[in-house]
Structure formats: structure tokens, C-alpha cells
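Could you have a look at this structure, given as C-alpha cells, before my questions?
Naming follows writing order (A, B, C and D), and every chain is counted from residue 1.
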Amino acid sequence: MTVEAAADETKETGRGEAFSDSVFAIAVTLLILEIRAPTQHDIGSDGELWHALRDLWPAYLAYIISFATILVTWINHHAIMRLVGRTDHTFLLLNGLLLALITAVNFPTSLVAEYIGHAGQGDRVAVQVYTATFVLLAFAFNFLWWYAASGNRLLSASATPAQVRAIGRRYRFGPLFYVAAFLLAFISPLASFGLCLLLALFFALPFDNRAEARR
Amino acid sequence: MTVEAAADETKETGRGEAFSDSVFAIAVTLLILEIRAPTQHDIGSDGELWHALRDLWPAYLAYIISFATILVTWINHHAIMRLVGRTDHTFLLLNGLLLALITAVNFPTSLVAEYIGHAGQGDRVAVQVYTATFVLLAFAFNFLWWYAASGNRLLSASATPAQVRAIGRRYRFGPLFYVAAFLLAFISPLASFGLCLLLALFFALPFDNRAEARR
Amino acid sequence: MTVEAAADETKETGRGEAFSDSVFAIAVTLLILEIRAPTQHDIGSDGELWHALRDLWPAYLAYIISFATILVTWINHHAIMRLVGRTDHTFLLLNGLLLALITAVNFPTSLVAEYIGHAGQGDRVAVQVYTATFVLLAFAFNFLWWYAASGNRLLSASATPAQVRAIGRRYRFGPLFYVAAFLLAFISPLASFGLCLLLALFFALPFDNRAEARR
Amino acid sequence: MTVEAAADETKETGRGEAFSDSVFAIAVTLLILEIRAPTQHDIGSDGELWHALRDLWPAYLAYIISFATILVTWINHHAIMRLVGRTDHTFLLLNGLLLALITAVNFPTSLVAEYIGHAGQGDRVAVQVYTATFVLLAFAFNFLWWYAASGNRLLSASATPAQVRAIGRRYRFGPLFYVAAFLLAFISPLASFGLCLLLALFFALPFDNRAEARR
């Protein structure tokens, strides 16, 4: 690939990446608004504020899980965009669908923050909606990559087959894990919520990278 | 056009595009804040949370329509900025007007999310305000393009007449469709809301691109 | 100036500009959250929603004034950053002060949206706080420019004395106008609010540019 | 370092910086939402609005402290990223941890805004949580730098040992100061809050820069 062609590709995909990055960054930052400070109205003394803050643990966990999941999706988006050299209208739309789901994570996050930890009062439904959002997110991500990669449709001339295969291998099982979390929510909402935390940490840790390097 | 002139043009329009992209990205992401999680206070059991979530359908639809409309406007903004090589103060202002309307979509979105689905209780007014915002948005977009393109005022030296004509043709009918949706709101708010959804999908789908390629 | 030196300058100021642009973009977009949709709880019929929306006129005007003022400040920031070739810690701090004030506009905007149009119930104080914010903003902007320009401290080698003088001339009177609006608020809050609208439109319109071109 | 290698490094770290900048910018701008305008419902006259606005002083101070602290962290992040030439998965994660904490500052800011100035009613806990967040932030920042710098792991080829040592020296004591503020909160929440303000101003003022230049 000539230097000129590479520059054209960078310009071509640059604005889409910048827009995507902004949406990821805003979605991840807005999550904090779902942890609402207990008001003085509800609280009397120092001890009671500690209690009120302690009772917000589902909100903190939901914040951590959603933040990590969006961050990992961003890192992965970053990884595939390094191999994508061109965009077309369909790619922009599929990317838009992914961004809509990234943004939408905010809503089920506030649901689990509100309903987890109160057995029989909506926690099952809240976790089902939460995990269903991650299932959709994982499918949308894989679909975006499949669209770009299948038949080398939008890949950069500098992307090697080995890189392309490695990406495919890494993301193939994401949807399955989240489907498992979704199904687990029918049995135990709390266990499903815990699995989401484990998955976020598992995908965040550079474990798989090292494994790949060893191959 | 020399490489140097092209680089100058890129620098000239670059910061305006980055600012616009940020506003589009934030406006589209803030929409999710309009879908508010039902509080525990209102809900007793899992079944009731399902009902409460089901009753939020106008909020979900409004989110989808507004997200798609802003995303499509961003893609179109992207398309015209590739043909625009210079900016002037008036262009920045017209662009600012477009951005103000993009941001303002948030407010009528929360109106329709609140009032749709409750006949005779404000849904007519809510949809009128919603569609009127899209009418203004479509006019502002066409006006921005007309200002840049008329007499080649701000077009890049590399923009071909065929590209310019294709853009003009594609956006000319946008305002008409939204005026139709606005008028329909007087007869049936729900039908008008549905038309907005169809228009968002119609403009999002790459249908017109393919049609143009075939000519 | 060599091409290399120009590239260094661009890199040097680039990240500060991008950060500033993001803050401007977010501040301008968050303004819409201050216009809150009337809830179904307060409203009975279509007619009443019209009334409720009509009574929000101070919120719409405050949105327009604040949006236009922040947008114009951004355009002006853009104009001076084209002449600034280097940054130092003090410049970044003064820029941070400007950004803090840009962000802070959100709060007095919600004050005037809440209190304008209800004589004797806080509108005087609300407009005083609103105009005082614009006074501080105008001073911070002039101070930032003065710091960069005095003794050519941080100007780009490519900035001509004529450009530098033109910028100084254009912004010198901004603080005076807003001090006048602040003082007017003691006599008539509504007139002061109207003056803010006129000033936003006056600074937005490309009137002064044309005047300068004719000289 | 060749021009090509420098360009590769810039591309490599560019998207991560842009994402970080966006999160910093959004986090700093969202802070303003924690200062809520007193409603007409609570206020009768102009004088009462003055009183209500005066009583919001903890919210203004918390806004200033948090804004300055995030801004200074951004400036410092900017400084270390100029010396970092490559990123890896672990660096992106540590950076993500820093960004999560930057975003999270919003929550304790709303806590101190709500509880400071009402002795014995939660202000101790609020300031403890506030200062603990800054302790974590300072440690995360130092850890990020340590990871990049130790053994020259990710430093740019153009980073000189003197620059690297200067950075290390500058940030080493940040965590200690915030641990002191945290401990002070057990004795006097108000004094600890004041120390946070002093620290924000101390780190913001270009004092240490000048000191270093003199060495």
C-alpha cells in the first residue's frame, strides 16, 4: 500500500472513529449520573449516611460492570478499526446500531442499581433486561466485524489474514457467554449479576492476548 | 488541487467538524436520559416491573426515532463536509443553528415519551412539537448545504458537479416528508409518530445510495 | 516558518484545542436538559399542554441566549487559537478558567429559566447572576487573549500584527456590554434579559467581519 | 527516531488520548449538574433567592475543587502522554481505571455539596468519601505513570531520562497529600474540605514548574 493510499484510508475512517469514540466516552461517563447521592432529607447522622451509602452497593457494582463492559467494547472497537480501511453506508449504520446499544446500557444499569438486592421485587426482570442488552451488544459487535471482514469487504490492504482470524476467534464466544448470563437470570438474578462482573473482568484482563502470543 | 492546498482546506474545516461531531455525539447520547427507570416506590413484584417497562414503549420508540434521525443527519453532515473546502462566519452560524436544533431534539423526544399512548391528553401537541422540530431540522440542513454550494461558495476544489447535484437531489425532499408528518399529527398523532419511525428507517437504509449508483 | 516548525506548533496546541472543543460542545449540549417537559401529572388536555409549553418561554429564550453566547465564544476561541502557536502552564490554566465559566453558564441559565416572568419572585437576582456570569466570561476571554498576545508571548510565528490588532479590537468592548446588562438588571430584569438576547445575536451576526473587510 | 517512527507512535497513542480527553472533558462538564437551582416552590422573594443561592456555597466550592482537580489531572495526563510512545492492553486498562475514577468524582462531589455545612449530619462521611476518591485517583495516576516508565516499558524514543525523572518527582507526593486530607476529615471535615481546595490551587498554580526550571 502506498503512503497516499494509507492517508486516504485514515481520512476515510477517521471521522467515523472520532464520532464513535465520543459516543463511547459520553456513554461511559453518563453512567455515574445513575448513582444518586442520598439526600439530607432521608439521612439524620453520620452513621445513617454510611448505611445509605452501603445500601447503594448494587449501584456501585452496576457502575463498575457497565463501565468495564463499555471500555472493553471500546478497546475492541479500536482493535477492529485498525484493520478496517474503508467504510460504507451499511457499515456506518451497523456502527450506529452498536453505538445506540452502547448508549442504551445506561437504562438497564439504572434498573439493576434500583432493583438488585430486594428479592422478589423486580430484580429478576432488571437483570434479564441488563443481560439481554449485553447479548444484543455482543451480537451487534460481531455482526459489525463480520460485515467488514467477510470477503475482505472493508479491510485495509495492510490487514494480514492472521490478524483477521485472531480477531474473529477472540470475539466469537462473547455472545454465548452473555446468553448464559441471560439464562442464569431466570434462576438467580444475583448469580447472573455476578457473572456479568466476572465477564467484564475476564474480557478486561489481558489474559487472552498473552495466550495468543504464546501460540 | 495541490497537496498543500488540500492540507490547508482540511485544517480550515477540521475544527468545525470535530466540534459538530462532538455535539452530534452528545445530543444522541443524552437521549437515553429521557427513558427513566420506574422506581421501586411504584413497583411491587417482577410482573409489575414488566408492566411498567412495557408501558414505556413510547419512550423506546422515541429514543429509536430520535437516535436514528440524529445519526442519519450526522452521516449526511459528514457527506456534505467532504465537499466543503472552506468555512466562513455565516457558515459557522448556520452550522450552529443546525447543532442547536440537533440538541433541541432532546426536549420534544421527552414530550412524546411522556404523552404518546394517552389519547386526548396532550399527545397531539407533543407529536406536533416533535415533527415541527424535524421540519426545522430538515430546512436548516438544506439551507446549510444551499449556502455552501450555491455559486460554489465554499466547495472544495475537488468536488465534482455530479457529486454536488447528487447531494442536492438527495436532501431536497426531506423537508416535505416532515411537513407531511407534521400535518398528519393534526389528524392522528399515533400515525404521525409511526411516519417519523418510517422516515428514520427510510433515510437510514442505504436504499437511495444503491438507486443512485444504478443511474 | 518552516513546515516542520508549523507541524510542531499544531501538535503543541492540538490537544488543548480538542479538549476545549469538547468542553464547549458538552456545555452547549447540556443546556437542553434545563428545559424540562411538563409531566402528565400537571396537565389534563391538549389545550393545557399548549399553555404549559407556552409558559416555558423564558426557558426557550435562556436556551437560545446561552447557546448563542457559548457558540460565539467557541468561534472566537477558534479565531484566537489560530494565532496562538504555543501554550504554557499559565495559558492552560487561564483556558481552564474560561472553560469552567463556559460550563458554569448552565446554572444561571436554569435560574433565569425558572425565575423570569414572575415579577418580584427572584427574577432580579436570577438575571443579575446570569449577566454577572457573562461579565466574568468576557473578562476571562479577554485575559486569555491578552496573556497570549502581550509581548508576542505565545503567538504563532505566522500571526501578522494586523491580525493581532484586529482580534484585540473586536473583543475589547465585550466586557463593557455585559457590565451594562448587569447594571440594567437592577432596574429591569426583563430589559436586561432582552439585552442579553440582542448581544448574543449582535456578536453572532457576521456584521463586524464585513466592517473589518471594508477597512 | 525517524519521522516515520514518530508518525507511527502518534497514530498508536492518538485514539487513546482522544478518548481520554473526551472522558475528562465530559466528567468536568457534568459537575455543573450537581449545582441545582433552587425552585420557585421554595422561594418567595428576591431576598430569599439570595439566601438560597448563598446557602449553596458548599456546592460552588465542591464544583471549583473538583473542576480544578480534574483539570490538573488532565494537564498531567497530557504531560505524561507526551513521553509515552506506545500503549498495550494493560496500559489501556490502567488508563481506563483512571478514567473511571475521574468520572466517579461526580458522585462524592454531589455528596459534599449536599452535606457540608451541616455539622453532625453526614459531613464527616461525605468528606471522607470525597478525599478517599482523590487518594485513589492520585494512586491510579502514579501507577499508570510507573507502568509506562518502569524499565522504559512504553516510553517514546524521544523521551529523555531528565524528563522522565522530573515527571516522577512531580507526582510522587500527590497521594501523600490526599491521604493527609483523608485523615484530617476524621478530625474536621471542614478543614479537610479546605485542604482539598488548597491542594487543587497548589497543583494548579505553575509554582512547581518554575521551581524546576530554576534547578
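The definition used in the following text is that contacts are C-beta pairs under 8 Å (C-beta built on N, C-alpha and C of every residue); 3 or more make two chains touch, one makes a residue touch a chain.
This is a predicted model, so every value here is computed, not measured.
The minimum number of touch steps linking subunit B to subunit D comes to 2. Note: Cα superposition of subunit A onto subunit B, rotation of 90 degrees, nearest 5.
By the residue-number overlap criterion, the interface of subunit B with subunit C counts as different, with under half of its numbers used by both chains.
The distance from the centre of subunit C to the centre of subunit D, with each centre set as the mean of the Cα atoms, comes to 25 Å.
Subunit A and subunit C, compared by their mean Cα positions, are separated by 36 Å.
Among all residues of subunit C, those that touch two or more other chains are 18, 22, 26, 30, 33.
In the complex of the two chains, the subunit C residues touching subunit D come out as 11, 15-16, 18-19, 22-23, 26-27, 30, 33, 88-90, 92-93, 96, 99-100, 103-104, 106-107, 110-111, 114-115, 118, 120-126, 129. Within the complex formed with subunit A, the subunit B residues making contact are 10, 17-18, 21-22, 24-26, 28-33, 35-37, 39-40, 43-46, 48-50, 53, 63-64, 67-68, 71, 74-75, 78, 204-206, 209.
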